[in-house]
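In the part that follows, the structures are each spelled out as structure tokens.
In the two complexes below, chain A is the common chain; its partner is chain B in one and chain C in the other.
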Partner chain A sequence: MARLAIEGLCKGWDFPVIDDLSLDVEEGEFLVIVGPSGIGKTTLLRLVAGLETPDRGRILVGDRDVTRVPPYRRDVAMTFESYALYPHMTVAANIASPLKARRLPEDEIRRRVGEVTRLLRIDMLLERKPGEISGGQKQRTALGRTLVADPQVFLLDEPISHLDARIRHELRSQFHTLEDLRRVATVYVTHDYAEALSLGDRIAVMGNGGRLVQVGNPRELFEQPATLFVAEHLGQPTINAIEAELVDVDDRLEAHAGSLRLPIAPAHRAALTKVQQRQVTIGLRPQHLRPSDELPQGVALEGRIDIFEALGSTGVMIVDAGGVRLTALTSPERTFDHGADVTLAWNPEALYFFSPVDGRNILL
Partner chain B sequence: MADQARPDDRWRHVRVLFLAFLGLWLLFTLFPLYFMIITALKTTAETNLTVPTFWPELFAFGNFAAVFAEATNFDALIDSFVIATINTLLSLFLGTLAGYAFARFPRQAGGENLAFWILSNRMFPPVAILVPMFFLFDSTPWGTDSIWSLIILYLVFNLPLATWLMMVFFRDAPRELEEAAYLDGWTPLRAFLRITLPLVLPGMISVAMLCWIFAWNEYLFANLFVGTDVRTYTIVIPTFTHGSQTLWNLQMAFSLIAMIPPVTLFILLRRYMVRGLSLGVVKG
Partner chain C sequence: MRQAIVRGDPSTYPDWFDGKRRQRPLIVARWVPIAMVGLPVAVLFAIVVYPTIWMFYHSLRDTNITGLFTGNHAYIGFANYGTVFSSDRFQDSLVHLLQYLSFGAVLQVILGCVLALTLYEVVKSNLWRTIILILLVLPMMLPPSIVGVLWRFLLTPSNGAVNQALLDLGLIASHIEWFNAGVSLWSIIIADVWNWTALPLLIIYSGRVSLPPAVYEAARVDGASQWKVVRRITLPMLKEVIAIAFILRFTDAFKFVDLVYVMTSGGPAQTSELPTYIAFQRGIREFAIGEAAAYAIIIFAISAILVTLFLQYMKRVMRAQGLA
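Showing the complex of A and B:
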């Protein structure tokens, strides 16, 4: 068991896929790398697995520098997005593959394959071929093949994104409970932010240009997003981003967007005065924008309902407020009419301020 | 029943035409075989009638034994078999390795152009190199009249085909499966043998069939190269033509015997053959 350290990793010169990326994953930590499709998450995993060679930087497993070690001597296990099960072998043979490679005795192999398949509840499929089992079962088989190897580092590439919702949920809860995954350093890649918030001990958000935008525990990332990118991607529904200008009105500070006037909380005002920026992108989470009777202590704003959706556990409305489209949440049992006027309330303390140039959180 | 048939009625003429075409096609392809078989069973006198008969007057099964009156005729079948088999194994071995290199390391292996150039070696008319090749092999220690000269020479034709087809099959085999095997702890060679090779096996078998049949049936080079120490069956067939007459019945009987090995192979391996030739070799 060991920790994984990535130091200044680079891949690709002209168009960097991974650019000067450093990351530590502690022994027993479950780190989720999250980011939109095609951003280099899979490349990062392939670099750690040894399937690609970095142009610069080091990869350490424990104290051992594995940067130039071929994948079959790295003691790193990885699941592929496509599962990559061997189509001509049975489920049992697929899972036994890493043990066979280590030349373990037959009965030891049988015992460990039995253990892992019982844990993943695929022990009744041992003699089937991958073509004869469902997507969820294929995923479990692929997972079994990595678990059985007892490696130093686990790499999981979008392990459950292609499954239907119910099985995805079931497997997601299994990731919480699999002891083996929780004992060693695990890197889990996904584009699904709910998955990231649910599973990660820590989350690393990957952005354009092969860099990590922010690394932290789920709470931190949600409450103190380093950039608009992070704020937009963590949290459902998406945060309201309002292009606004800061204007001094008498002794107060207001944000003007269209005909919308948003008073700035005194705590924010002091900080904003210091950075001297007038054009900002204001972030307001839909959770903090509600019908005024649900948030009596908030500041009111008037608007007209464009769309209302009752989603069961919550209601979502999209409101036109003085030319700005805002998303607000309501409690689930209420209904609203399209086109009706509504008074919303929000809490000035809950605003985020991002630079319209680079999306940085100005107050962080 | 009657109204169920109605939608088909519109297509009845088309279907009749289609069946008629198929019938003609069958006649066209099967008649030569049929005529070969009955000729092989005719007496020599009957084969020389001006008006051919389409059913033998009496069955001269002895023809099949008579072709081996010349003992070396049987040896020729053996020589052909040995040449075709060794050539096929060599083509398959080298073609698989080369095809894998072109599929997995196209840049290091010389790229698409080199791969295509290798295939293009199969496109020139073989007769163009007939004489140069004769002198080339004549200058080797074993000369032209040896099984090895033909085994090596047929690589000129079979290796490009084997390389190209194996390349296509390997491209179809997902690279990720090999990578998964590396992560399981298998070295590249063992991953290749354990994972990739079984996936392209149907393809390999069809390649083997194609190579084997080419080498088995080759006449042009065999006719010039060998004849004394080594004889292939293809150069035995013309020997049934003598100065004044052709022993059609013996020639056909010998040809039928020569058809047995490839037909047997094809029947045994046709399951793989069809799968391999349709290129979808690794559909899981």
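Showing the complex of A and C:
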């Protein structure tokens, strides 16, 4: 068993995709890399797997430098976004392929394939071919192929992104419970923040320019996002980002945006005075902005409802408040009319302040 | 202000095409679709179905060239077939055909496969791949009669380029008589392989290009060796493509006559004759229309049976992979 260490990794073609990226994944740790599509997450996995050669930097599995080692000697296993099953082979033969490549004896292979398929509950499909099984079963077969290899490092590339919502949720739980995955260093790539928050021991948010924007445990990332990018990426609906100017009014500090006047909590005020920045981007999560009767102690704010969506477990409204579009949540049983006036309430303690220049969280 | 749209009145439709001419609805007379399907069917009937029936009819009659034009021919049952099956000439030609199929057609597919996969694995630049492909495909663009003349010239025993090269390399001690009995069929096969290897090559190459790259990456992570990847992944995944290339060369082999005609005329002493060539010889040269028709029907039957078996096999393979 071993940890995975990535040191100063660079990779680019016409433009840099991975830029001076460093990351440690401890033995037994489940690290989720999250970020929008096309940001270089898959490239990072491919570099670790050895399918691409880095321009600079080192990759270590345990104490072994594997940067120039061919994929199969790295002791890593990878599942592909497209599953990459061998279409002409049965499920059993697909799962057995890494063991066959290592020339293990036939009965040993059969025993391990049997174990893994029972664990993943696909043991009744052994003689089927990939063309004859469902998407979820294909995903389990692909996962079985990596599990059976018993590697030091697991790399999972968007393993459940292409399945429908119900099966996705069902399979998400499999990643919680699979002992083999939880014992070794696992890197799991996804663009779905819910998967990241649900599965990750730690989350690494990847941003533009091939760098990690923030690495930390899920709670930390959700509650103390280092940048607006992180805050926007984690959380659904997306956090409200309000371009505002800080203005001293009498002995209070207010943020002005459009005709909105947002009083700043005293705790924030001291910190904001210190950084002396007047133009800020205010972040306010929709769950902290509710109809005033659901949040009686909050600060009130008037607006008109543009769109209201009743989603069953919650209601989402998009409100025009003094020229600013805000998203707010309501409790599930309520309904609102489009175009109706509404009084919302919010908690000043829940605001985030980001720099409008580089998106950094000013208060961190 | 939105204009009311009146159903069936195109002048009220919003101008989505923005200046470009609006497409008129496709309204055609009833006979147009019938003619569109009917014409090709009629042509197919005229050039395929009718001649086949005509041929079968004459294979049961003692038609010769004068009889053909005067209408003076009589029903003789399966006598023509009897003549064909009992002739040594036909039996020999079947052996030649088998030899031609198992060395010519099979060699073309194997060679095409090796060349296609080597080209794909070894040459990584797209430009070079294209250049090499064009060079390899060139022989296929020549008409077979030219290929025949060319190879007769190259294989000339006394001072042909092939013999000269083999002598210079010290591979042979004396001239090979390329057009002697027992050798001439091999000469034809060599010319045919040179002419047609590019077809299976093109088919298999394009098949290889369209295989999903992720599968190969999975194999790399698994640690399968290069040879194992080709044997256990590429070839099985290309099974249908290779089968199609083989069927194409195989069916061509049954109507193969041009190189034989140009290079050896079936000789010497009929040792390089194929069934089609005899049919051509008996019918067009010696005017035994009835007997030639029997030849043609026999060839037709053999190839129909073999192709049907092949298609059955294909269907089974496809079904096993869940493709059909």
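Rule of thumb we're sticking to: the second predicted complex is superposed on the first by the 362 of 364 C-alpha atoms of A that agree within 3 Å, B and C clash if a C-alpha of one lies under 4 Å from a C-alpha of the other, contacts with A are read in each partner's own complex, and residues count from 1 in each chain.
We take it that a contact is a pair of C-beta atoms (placed from the backbone, for glycine too) under 8 Å apart; a residue touches a chain by one contact, two chains touch by 3 or more.
The structure displayed is predicted, hence computed values, not measured ones.
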| request: Would you mind checking whether chain B and chain C clash or fit side by side on chain A after the superposition? | output: clash
| request: Could you say whether A:P237 touches chain B, chain C, both of them, or neither, answering first, second, both or neither? | output: neither
| said: So in the superposed three-chain picture, is A:G28 touching just chain B, just chain C, both, or none of them (first/second/both/neither)? | reply: neither
| said: Contact-wise, after the overlay, does A:G62 reach chain B, chain C, both or neither (first, second, both, neither)? | reply: neither
| request: Name the contact category of A:G114: first (chain B only), second (chain C only), both, or neither. | output: neither
| After lining up the shared chain so the two structures overlap, which partner does A:G209 touch, if you call chain B first and chain C second: first, second, both or neither? | neither
| request: State whether A:P87 touches chain B only (first), chain C only (second), both chains, or neither. | output: both
| chain B and chain C contact sites that coincide on chain A, given as residue numbers | 49-51, 70-73, 76-78, 80, 82, 84-88, 97-98, 101-102, 129-131, 145, 149
| task | Name, in rising order, each residue of chain C that touches chain A in their complex. | result | 212, 214-215, 217-225, 228, 233, 236-237, 239, 320-323
| Touching residues (chain side chain A, partner chain C) in the complex | 46, 49-51, 70-73, 76-78, 80-89, 97-98, 101-102, 129-132, 145, 149
| Which residues, counting only chain B, touch chain A once they are in their complex? | 174, 176-177, 179-188, 190-191, 195, 198-199, 282, 284
| message | Using the touch definition from the top, list the residues of chain A that touch chain B in their complex. | response | 49-51, 70-74, 76-78, 80, 82, 84-88, 97-98, 100-102, 129-131, 145-146, 149
